[in-house]
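First chain written, first letter: the chains are A, B and C, and each begins at residue 1.
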Amino acid sequence: MRRVGRFLARYWVMAVGLAVLAYMAAPVVVVLLLSFNQPANRSTTFLLDDGIHWTLNNWTDICGGSETICPALSTSIQVGLISTLIATVLGTLIAFALVRHRFFGRGASNVLIFLPMATPEIVMGSSLLALFVSAGVPTGFGTIVIAHVMFCISFVVVTVKARLAGMDPRLQEAAMDLYATPFATFRQVTLPLVMPGIVAAALLSFSLSFDDYIITTFNSGNVVTFPLFVWGANQRGIPPQVNAIASAMFLIAFVFVAIGQIRNARRARRAATS
Amino acid sequence: MTVPTQPTGGHAGDLELSAVTKRFGAFTAVDQLSLTVPEGSFFALLGASGCGKTTTLRMVAGLEEPTAGTVVLGGRDITRVRPYARPVNTVFQSYALFPHMTIAENVGFGLKQKRVGRKEIADRVREMLALVELTGFDHRRPAQLSGGQQQRVALARALINRPQVLLLDEPLGALDLKLRRQMQIELKRIQTEVGITFVHVTHDQEEAMTMADTVAVMNAGRIEQLGAPTEIYEFPTTAFVANFLGQSNLLTASVTGANGGDVLVEAYGKRFAVPAGRCRVSDGSAYLGVRPEKLHVAVDSATVPGSHIHVPGEITDSSYVGVSTQYLVRAPWGEELSVFAPNSGTEGPLQPGAHVSLHWHPSHSFLLARDNEVAEPVLEAA
Amino acid sequence: MSTVLATSAGSGTAYEPPPEPVAGGRRRRWLPYALLLPGFAWLGLFFAAPMVSLFTTSLYDPSGSEETGYQLTWAFGNYWDALDLYHEQFLRSLLYAFIATVACLILGYPLAYAIAVKGGRWKNLMLVGVIAPFFTSFLVRTLAWKTILSDHWIVVGGLKRVFALGDDFHLINTEFSVIAGLTYNFLPFMVLPLYASLEKLDPRLLEAANDLYATPWRTFRQVTLPLSLPGVVSGTLMTFIPAAGDYINAELLGNPKTTMIGNVVQSRFLTIHDYPLAAALSFVLMAGILIMVLIYVRRAGTDEVV
């Protein structure tokens, strides 16, 4: 008993931490389980009250649940890709300006970048709708992209900024000292070194855009993204394929992250052993 | 590669800075600095941190633009030429190796920018890595190298371009003492071998003196003294230099007159004669300086050579440092003088409290101007 | 989330911009502005301008409609109406967000501490565990709580058996499930800033504190906690602000009595099309959040060592 006490005293922080991690993982595990379950009807898609009725149908017939499920998914992917591209370019430019230059208005610019992150999504979404309504702009695909780029920019800026700020400015000086023109310096030294930050920012943008419901719902018009589809279906009964799609997204992302981690670990090991 | 040339002055490839000034806001980092670095020489800019030496170097590299003045290299005004268009390369203090490139790519970077052929780049990189004794490291990344190896890569990366001037910004600062000494010898060897003008910025006076043909001592954005290491050490121009390079005993004195080839001075009621050739002033307030190793300690005043100046004193502190014993000796006027006595074995270390005679040859002393504002000379500025 | 990732990524050396622009950029004072222009134009047009537009909308004549058009009548009465009609939902939102934030702090701190200080070689794996749920659609994850908290599943069933609870014991569609959902959804926003600030903590400081005879608890109170305060502040803000404006959890996991201000804004805007009142509600929400944040930041700023 005393041994158990001492063990707990030593490891209680870790134990609590793991318990919290389990809390965070629980819904994901449930979604994975649900993706292999054949619900009695669509109102019980999110219930496992009488155990799991194992099936692979949700995976083999992933578009089959509804006529709109896969078009919604494809819309979300398109919106995500376009918004990510625009937000990453615009945000990266801002990050360069903020980190690499001192200019009048730099402090104010930093505040402006922070504001969208500190504004509730519902306010951003509704205000954008108010603007579109008063300007007579019809909402739809274009307005969704506009909204997504808007809230992704700040996240891109902070991510790229951190990477840039950690980069030794002497590397650029060294490149210029070695006959590289400003453009060559940017292409051969700055860009490759900032690239991991830009890639991280782009992935973040995509996941934010892909998963956004609140802002999208205000500015979507008749266009249906995947989260809008899930929300709408929730009122009538959700096709079980939704769980398979969510699980697939999770697994794809997980593989990406795992590959990245393994590569980092291997690189670190290689650097350490020589 | 060119044959090493001795500094001669007025050579075609000289680096000339004329009245160069650099201000950052209200702060003047470099103030009306003029100097000529002869082609092929090993030139050291020596000074404490913040004296403007690195800023001077960066202006030569083109990384800072002078507020005023001109930088001329080989007769061509390069003051406003962009860094990438100058035949000048830099070895940075932190090396600034490109972490995402291999050693070979790092070293070949400059040649690649100049659109040199792939084959030639490969050959010259191999040649260069051999020169800095890093053959076989081509495919490693900078993070996999030790500090000393990284430093040599940085050197190779700059040298491979055969610049007219190579700038070294405290390149040995991050290395431990033993590696530093080794690299100093290496650098000197390589410089002699390639014959390129080296401008070396350092705060380490020993480093400057062992490596450079010419040393410029900088202080507060200005050059205090420029000359060969021996000249600067043996006959400094100012109290700052006298104390920045090694230690000096500086006695507050005033010139009282002249006698033949000597300048007569008085300090603390005692009269001294200094050869005119060892004097930076001929009247007014002065410092009478003697290096600690030029002072001799005699237990018996009868053994003092007749040609020597001598003052009595009492040993207040003695520290044994192996090759020598360092004494502090209190003079009759209360000031403590520093003395380095070689441990040649003729006399055992003396204990504090011993009464001794301090003596030195007049030509081993020097006389410097004393501004009344500068009350105390700077000690241990490095 | 990214702020945090970002800070942790750059925790090594941060290079401040040089006093003078780096060579090459020195003759181009316009360059930073050119770099900022496209992004700031976007933010100006689609973030700042809408805010102004929303503010104007909140002052429109409330009797207008999409068909008849709106008139700017400086109808500050909209704000009064908003507070009068919905003060209950409004206070509830702030309360739920507050409880969820505290819960996130209580759950998130040990986790962040475990990862940063005790993680060792499992550090990265644990971080992936924190970030990975992000990649499953958050609506689906929130719906999954319906499964977990359902009346007949193992969690509620188990609780009923252990504590001998009656049949009227429910977790789903209660205040508990809404707050649990909020806590769940915003927990990573708490953990990551905390992790970033704890990770920068020099372990030697803790050793020094132990060396000076501080008990583990005193070490934590007097060294660890004050040093991680920036992470606590940014974590609470990143949790509280979105939680106060959220309506997904209330909608999916709650009942009509757990309606939050977000639900009202959403339905006023999208279902009832009562734009002036909805806009006024949005600004009331912003103001409420701003006041709480200001009080909080000021307290955290002045009483740094609690």
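Throughout what follows, a residue touches a chain if its C-beta (ideal position, glycine included) is under 8 Å from a C-beta of that chain, and two chains touch if they have at least 3 such contacts.
Everything numeric in this text was worked out from a predicted model, so none of it was measured.
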Q: Skim through the chains and flag the pair connected by the most C-beta pairs in contact.
A: A-C
Q.
Suppose chain centres are the mean of their C-alpha atoms. Which chain sits farthest from chain C?
A. B
**Q.** Length of the line joining the C-alpha centres of chain B and chain C, rounded to whole Å
**A.** 58
Q | chain A and chain C, separation of their C-alpha mean positions in angstrom | A | 16
Q: Round to the nearest whole Å and give the separation of the Cα centres of chain A and chain B.
A: 56
**Q.** Shared interface positions of chain A, touching two or more other chains
**A.** 168, 173, 176, 182, 185
Q. Listing for chain B: what residues touch at least two other chains?
A. 62-63, 82-83
Q.
Counting only residues that touch at least two other chains, what does the list for chain C look like?
A. 19, 22-24
**Q.** chain C - residues contacting chain A, complex
**A.** 1-3, 5-7, 9-10, 12-15, 17-19, 21-25, 29, 31-33, 35-36, 38-40, 42-43, 46-51, 53-54, 56-57, 66, 70, 107-108, 110-111, 113-115, 117-118, 124-126, 128-148, 150-153, 184, 187-188, 237-238, 241-242, 244-248, 252, 262, 265-266, 269-270, 275, 278-279, 282-283, 285-286, 289, 293
Q | In the complex with chain C, residue positions of chain A that touch it | A | 13-14, 16-18, 20-21, 23-28, 30-31, 34, 46-50, 89-91, 93-94, 96-97, 99-103, 106, 109, 112-113, 115-124, 126-131, 133-134, 146-147, 149-150, 153, 155, 157-159, 161-163, 165-169, 172-173, 176, 182, 185, 197, 200-201, 204, 207, 210-211, 213-214, 217-218, 226-227, 230-231, 234, 238, 242-243, 245-247, 249-250, 252-254, 257-258, 261, 264-265
Q: Quick one: which bits of chain A touch chain B in the complex? Just the residue numbers, please.
A: 168, 170-171, 173-182, 184-185, 188-189, 192-193, 270-271, 274
Q.
If we count contacts the way the header does, which residues on chain B are in touch with chain A in the complex?
A. 61-63, 82-85, 88-90, 92, 94, 96-100, 109-110, 113-114, 140-141, 143-144, 157-158, 161
